[in-house]
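All chains are identified by letter, namely A, B, C and D, in their written order; residue positions are counted from 1 within each chain.
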């Protein structure tokens, strides 16, 4: 089984996840700035979620490019990651409509942890199918970034019950860690003259 | 006609079917666990449907990979399967909003039977277009899994009028049969050294 | 410019058009057959529209396969066809919610005429970009099917103001004309030993 | 990193943006022309937005065709453009529901400016990744069209507070500038015998 169709399906699902959130933005009741004001937090949440899901897409793009073949395990690790990511619009809508409160903010952290777990599972499944000489395995290295992310999201989820704004700050910080695609893969490939 | 564009169109439709269900999840009214509770059954139903449709995608992916060409009959068998699968979000929303009751649960079984029939029709159409020496035909073998599935879904649909929970258990059991992509195709191909 | 990305974009738009209609199906209020009954006409309309749009996709698939390159005119003829097709879910929803009445049924005919015009414009634009020796031009032949379709849809639109049910019957009849992909293209290609 | 998957993802997002607007069209309450009348301005707005987003897709298609590789900067310039374009359906819905008023019409101009900026950023990122000998850079030339567009949108946004109808006229005029794909790229390529 080749990774191309998996990539295409993932592109489709992520494109939908990233775009349907605009359907959730409520129409302002009126046509002045006062009417627009209550929509602004939802717009901010949409921007954050757009970036978050966009980062997963970008890293997924990178990872699959280093992959040569996929099997059933890869496919279901991928589906698990997509399912979890599809909950992002739901949580963003909840926060947008009800405001920044502990439970939805904590659950956003939990969902980001689950998406990170799905991503790591997908990475492992891809390495497993390629076997010992896996180029991806050599490229991944220490998985330090993954552990920092998961810890940050979990901490954010816990701290939400003290103040949800601390969590939001933490989510943004951890998110920014992923903004640049995993340079280890590119460096590895460059070292071998493959990219 | 080549199977690539059929695969791409199917990916698009299934990606939408699998993702729009998240639009159906109602926003919790409030921000504590009590507000989240009524959404949980709908979330469970979404997860089940995500897996169900994901299985069809995975098996479709597998089947089309063994195919070399498609014709009008293949295309319409595929469209019939997609139409039936597109009713899954509708039924899941119905069950999520009105609860687990006999009629919607029975209809879910009927829709799964129809999707299985669509899948078998698609398989036959693909074999027909490839003719006698079809690799896919040699690979399919006894169709035992298909018959067990259809029987399980039909039984589930009938038993829903006694207790819908028996049906849910049956659907989950039959679904799990399809979780692993059809190993006969892979085995066959391996025996011939083609995969 | 190559036709592949045009095909991919068209697949995406048509996959969405064909699938979002299921979002329009209202949730039955209740869980018995009485509750399901008012949804049935909308389900019938969804099936008709799914087939109608599916036919355009199938013929589009066929036409683009015979094409070698596209230009700006092809692209905008294609967009015009997609815009018109995107009105189908709107009309189906209108008919589903308000019932089978003259105006929406007549407009459905008008939209089908406009989609047919868009299709013919696309065909001409594709032939124009390929120039005199166009394989597609040789394959198209008399355009009889196109003229019969447009006449049938226009007649249906006019007769809707006498009885919308005559129009529905006509739409179904004209639709069935397009069910089989344009055999002239396949015959032509076979005659030249190209397919 | 190759531009193909970026193109596919962009196609998916734009196909969704362009199509979900039809979900926003309200169902007419009644089945005569009087019932249809209040939907007509929304339909006009949908057509304008369909063309606007379609132009971005068409130009994007053109630009990426001249590109050989993409990096993280290209990817995020692309995502920024997609995010801004995804606000178009939101503004169109606002104008459709609340009517043609200064603030939403001005914001439509601002969104079009931001999308133009995103487009130029994407163009620069693509040229940067290709380096000095970039074919795209040689093709772009004076960027006169970009500056005229941005000026027109900004002027439209400002004039909306005098009369929103002047702005609508300006938007249509500036939009028409982009209707034809950037002929400089095609001319350049033809001059070199590459297209």
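Note that in this section a contact is a pair of C-beta atoms (placed from the backbone, for glycine too) under 8 Å apart; a residue touches a chain by one contact, two chains touch by 3 or more.
Fair warning: this is a prediction, and the values are worked out from it, not measured in the lab.
Enquirer: Give a one-word verdict, same or different, on whether chain C and chain D use largely identical residue numbers at their interface, taking over half shared as same.
Expert: Result for this pair: different.
Enquirer: Let me check something: if the centre of a chain is the mean of its CA atoms, which chain is farthest from chain C?
Expert: Between chain C and the rest, the longest centre separation is with A.
Enquirer: Once chain A is fitted to chain B on CA atoms, what angle does the rotation have, in steps of 5 degrees?
Expert: Answer in degrees: 90, to the nearest 5.
Enquirer: Take the average of all CA coordinates in chain B, do the same for chain C, and state the distance between these two points in whole angstrom.
Expert: Between these chains, centre-to-centre, one finds 26 Å.
Enquirer: Taking each chain's centre as its mean C-alpha position, how far apart are chain A and chain C in Å?
Expert: Their C-alpha centroids are separated by 37 Å.
Enquirer: Would you mind listing the residues of chain C that make contact with two or more other chains?
Expert: Residues 8, 12, 15-16, 20, 23 of chain C each touch two or more of the other chains.
Enquirer: Considering the complex alone, what residue numbers of chain A touch chain D?
Expert: 7-8, 11-12, 14-16, 18-20, 22-23, 25, 27-33, 36, 47, 50-51, 54, 57-58, 61-62, 65, 179-181
Enquirer: In the complex, go through chain D and note every residue touching chain A.
Expert: Touching chain A from chain D are residues 1, 5, 8-9, 12-13, 15-17, 20, 23, 72, 75-76, 79, 82-83, 86-87, 89-90, 93-94, 97-99, 101-104.
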